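After this come two complexes, each holding subunit A, first together with subunit B and then together with subunit C.
Moving on to the complex of A and B:
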């Protein structure tokens, strides 16, 4: 019995392999004849990563700052010099607060520092001289960064003026900060890996979102299903060619991150590629699911537009810290595959092979892929009945 | 002529809304997305997990740690007693920050010498790290001022008094919500227009449309109006939610706001139709929609300021209607900008719209398969 079953199984496996090969060959031919999928896989990552890698930065430098000195003297000159020499600011002087406020209204400056007429005289008083800082709060993040930089300039002015008087600055508690993994706080180092995740989400979904819906729409899916091909084989046959294509794009994107944008890679390359392969399978499966659920290419296209880019952009932790979101939204982020990939990428690139981060996220990716594929399989079968 | 256009518009609406799935896709997601993204998009740190590493037995360190404990940005999740415990916590992302007071912290402070407080931050997301450092230094500064006052030390010779215009508490949600209104409006116009012509081309009905008495201009208007009207309705809905649910202040006039929305819809629908009439298949239409929408959003100044971009990329953003629309939205919502100050944002959107329509109309006739 055993031998009979084994032979049967191996026979089935053999013919299955052949059928699969046929299907994959057909898909490849389709890809080669319609160059748009090749363009998606190879040109899109290059184009988008080039544009965004250079374009997206949170490092605010050269912030236009208005300085209003109501009565210039040597004390105020010492103070303003700190701003003139700071790389974070481009200073311009205004005669009155009113002028400076007008400049801020018109968007020419982002913040105003006012030294009042009595700056020099109040300096020597016990409660100290007030320095007015007005920031444009519309962009709250930049506003906060500016206030941090102004504080920094103020701190170094305190230190310099104490030094001038031959004293040591006596601050009760001195905060010493050390930033791990990215000591220069270069935002590109975390934005570029995040962009890779966003771009690969797009590519993965775009590659497959239309594939099955096109076959359903044209009726060729039914034709495919009356062949001896099983559902499993159809799914593998659809995934594999696009997987190979997508991996090509991914290698390009990772290469550009490393060599063009000089993001340090502290983990190992094989972990990076293993995680990326896993993510790509998840992204492609999502595309397949979309195209099975939608009855037409039109609806598949609409769902792909809604479900891929914005969630990957806003809910993946790529820019916005997931921990600061409300609990309900945090729960929703768990179905965004990019979230896990972003965590893995940022860790592998900047921190190294931290298995405590990589393994749970990789497991979550695998689970999502399984869910997507399972739903695809169920949906595709149901539609035949 | 109006009868013909009306018939076409009616047909377009029917084509869009008669299919249950399409209806679902067009109406459900924008509101859900506003809710989810509205809460997700913030740079205000909340409950950042940190570890306390306090080797000092004195009360001063305890007081300082109590200040951190009381801050909304931070939540203590671990107490550690040895340096070797730092790395696993930070590496594994269990904490974002470790605050360390050495064993002689209180003694140094009492002796009037600077007491060092070490703050170790996970820099994997450098923006979050910088915000955490800022928040921590504000707490330390406040502690220092209080300490100097109660222990007779000299106060600093100058101090900073900060005021933020338009957004006194520097809530970043106020900044992002108008942006999300813009993003969702763009997404919708893309949904309605980008595949509209491409689908008809693929199904062959576009050729039929071309041989009807309808002139290209009329087809253009017929294809434009549904996207324009749906976009208008949904933008209004989203804005209502932003104002009444998220309580974003709306200081400017509605007239200015709707001028901006109308012009943006014009440019968005124009670009969508241009993409759609260029595409031979729906797949190409979808691809084109993505290739336009993704850079239009990422390079709009929504999350990362345009000023931080290299000059070349800044120049490219001049072609992006989102860039102008975001300035209009934020200006009208938060700053109450009057109409005339926004004219520099209005005319580029109009120009982009008119150009795109011109190209789309030309493509109707000259791109045949």
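Moving on to the complex of A and C:
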């Protein structure tokens, strides 16, 4: 026998389940019918991944380089061959420095290497032969990379030619380099995992803020509020479908990273998914929080873009290293959820299950999720004002 | 089933007050808009009886929607309380929401869900048990006439069908009290009639109590009880018939042979003792200040051959009388003039006795005119005067010529083979259900949409080749009043005059003219978004007239404004027509159709009939309906068309 209270409670639980089921089914039908949410959830990630995987690269390769050899001989030919065979440069030869300079002005080349007339003769003197390098420094980063590459090419050629002559090049300090985690120094290997964070922010915060404010804009929220729905059910009814959608986006992004871009996954898949689930809840609660203040899609979209998407891009350490940002900006990055997630992602992909990194970051994510959800809970009232 | 028990439980708790479903006590509510506080409701008291239809009637900004939202627990009152089915709407909002059915103004449908999916959603949200659904759905779909459309997306339904689906969703749990916020706004007369039939069937068969809001005064007569709201205050309440009967003996139809009806209306409106004068097809309908007998010959000495007969009062008469009485009261107690109310206008009209050009029929004071007792049921004959100021020959040269006009969207004909011509100075009305092709026709006439076939000449220019030339000679005003809400009145006028290429002294002249003519000088620096709807409408009209167009297009220009502002608007339109401006207008108010010289009624992209209001009404005359209204004629034509379509 059930007491009256028990039955009431179970009845209430039953109708609550029915209401939630109705809400969630409605949400999925809307997602399926609305091309724009499909586009944000699936096409945008594919587009971003392809763009960052193939199009954008922070490595400098195929730099157009002008070579001016004033008096060609076997030594200069030997030296320029070093550039000709390098994957970093695409060489072109100019008869005079002036021609090469004009080519640089016109933007056809990014750097000029000049081998003077006396190159061969001074080469064997004790102070060595001078090589002139002119670099287009407009893009400071590329400029530095070029001068590094040229210097490297020069050094390795010197060592080579000394070896050929049976001498040992005397350099007082020898540096032996080893690159860890991303030994090939492929920028794709850290861009693609970082991109997963951007994609999850897109689905979690932007999409959720937009669909929630759409309900306000179209007046459907008013109709929902005048049903026995509680605000808790409204929030769960939005969280759950977009959580599932976000995890779908994650599977897509991880699949593409591993199989299309061949980014190594050194940690375990379950750590990756658990951390992603945590971040997704944070992103979703940011989206919901935005929708409690913004009641038009335009405003919600704009706030979400500025408050979640751009920080995920710029302040998460995904492209720009947080350590080299000014102190103020570094302080701001602490409230950017994507920052913690990017740290976890890059660790899990490139280093492995390094708990010392994963746990503190996960904790920070959980704290942010709690804050955002709490604020949403407090702000969402079943009233129109 | 425990759901059935739940149902009876809620319906017994529904009537604790013994026949009272809803009580509003000293209710006040204000909103902060920007820096200004707007009093939406001011100390309102009334109650709603069980098992009847109560209409909350008033123009826009009367506070109707605020009151509905307060009743649904979506807003909290500043002071006072609403008791809904014995529960306090503010403190027990969840319980109230579980008991009532509510349809918000924008029906709350998910347009990307099908009809069936919308019903399923609301059934889930309202906790309708699965077993009871099939039966309930069948009932609702049948009632709403939506059976063939279960799989159609709600967004692809017509306006009327959306409204019926919204109603069905609100009814999915069979609530004892139904709140409907403007269920008929923007819906064509046929769908409106069907909606009313559904509401009355609910009341009759299921004993549902209904509280609905409407801005259509003719709908108020269909309610059992009405509550009249104006600017947040209760004007009056009671049975519409009782309110209407108070006006008996004050209403007449007046004609003068050979005199233009607009001139006649203008004269009568300015006559002492006349409260209201409206054009009704071929005659002028006059409402007097009191039921004392009237000598029309003395009242309107310039109009010879005047004929006047008493006619039955209408609900709108009592509403207009109430607002005017209130405005006079405000004036007497020297109420201050504010930009947000229409009362300054009325007060002004009253103070000056009558208004300029258009002859605003605003509160004209009873002058000490001697009146004799005349049998009001008898037609009065007065010798005729020379014809009105407007000659007949002005209709000779068509300004708009449309022939075999077509517009196709994909395989769908929005406008199919329509032809008509409009003469200079004519007021031509375009009526039709939602989706009949009125807006498409309008857009083509304004040169905004190229036609798929046929010819189109506006102001002598072929719109296919010289759209820009034609556009310089037309003015356009739509129901949305395309103003810049964050610019001031003067800035809006400046912008529109520059958009029409006016500059220098001419621009200044036109702006001064607009401020003068539309009595906007005192509010030139106010933000136009803060104006009342009536003033926004004036400003929109002023903007559309900045370049002195030959043709004026009005797309539902008066929806939402109160009857007085509507009258004032039309008096301006009539004055413009008198000056030779050609007017094309679309409207959902059958009342306004009567103001037109000629009308075309459209359905499914075709013109069903065209002619004067009188001739169109005459088509609907039957033995059962000797005096058909414009609405009767409209509904009859549309239904006949649908029968033909169904047969074909």
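Note that the second predicted complex is superposed on the first by the 317 of 385 C-alpha atoms of A that agree within 3 Å, B and C clash if a C-alpha of one lies under 4 Å from a C-alpha of the other, contacts with A are read in each partner's own complex, and residues count from 1 in each chain.
Methods note: a contact is a pair of C-beta atoms (placed from the backbone, for glycine too) under 8 Å apart; a residue touches a chain by one contact, two chains touch by 3 or more.
Note that the structure is a prediction, hence the values are computed from the model and not measured.
After overlaying the two complexes on the shared chain, residue contacts for A:230 are found with subunit C alone; subunit B is out of touch.
When the shared chain is aligned, subunit B comes close enough to touch A:141, but subunit C does not. By the touch criterion stated above, A:15 is placed in contact with subunit C alone, subunit B being left untouched. Look at A:30: by the touch rule set out above, it reaches subunit C but stays clear of subunit B. Within the superposed three-chain arrangement, the count of touched residues of subunit A is higher for B, of the candidates subunit B and subunit C. In the superposed model, A:90 makes contact with neither subunit B nor subunit C.
Shared-chain residue A:310: touches subunit B; no touch with subunit C. By the touch criterion stated above, A:151 is placed in contact with subunit B alone, subunit C being left untouched.
Where the contact sets of subunit A with subunit B and with subunit C meet, they give residues 34.
On subunit A, the positions that touch subunit C within their shared complex are 7, 11, 15, 18-19, 21-23, 25-26, 29-30, 33-34, 218-220, 222-230, 382-385. Per the touch definition, subunit A reaches subunit B in the complex via residues 34, 36, 39-40, 44, 47-48, 51-52, 54-63, 79, 104-106, 119, 123-124, 126-145, 147-148, 150-151, 154, 157-158, 161, 170-183, 185-187, 189-191, 202, 206, 209-210, 214, 294-295, 297-299, 301-306, 309-310, 313-315, 317, 319-321, 323-326, 328-329, 332-333, 343, 346-347, 350-352, 354, 356-357.
Listed in rising order, the residues of subunit C touching subunit A in the complex are 2, 31, 69, 72-76, 93-94, 97-98, 100, 102-113, 117, 120-127, 153, 169. Across the complex, subunit A is touched by residues 19, 21-22, 25-26, 29, 33, 36-37, 39-49, 64, 88, 90-93, 96, 109, 112-131, 133-134, 136-137, 140-141, 143-144, 147-148, 151, 153-168, 170-172, 174-175, 183, 187, 190-191, 194-195, 199, 202, 282-287, 289-291, 293-295, 297-299, 303-305, 307-310, 312-313, 316-317, 330, 334-335, 341 of subunit B.
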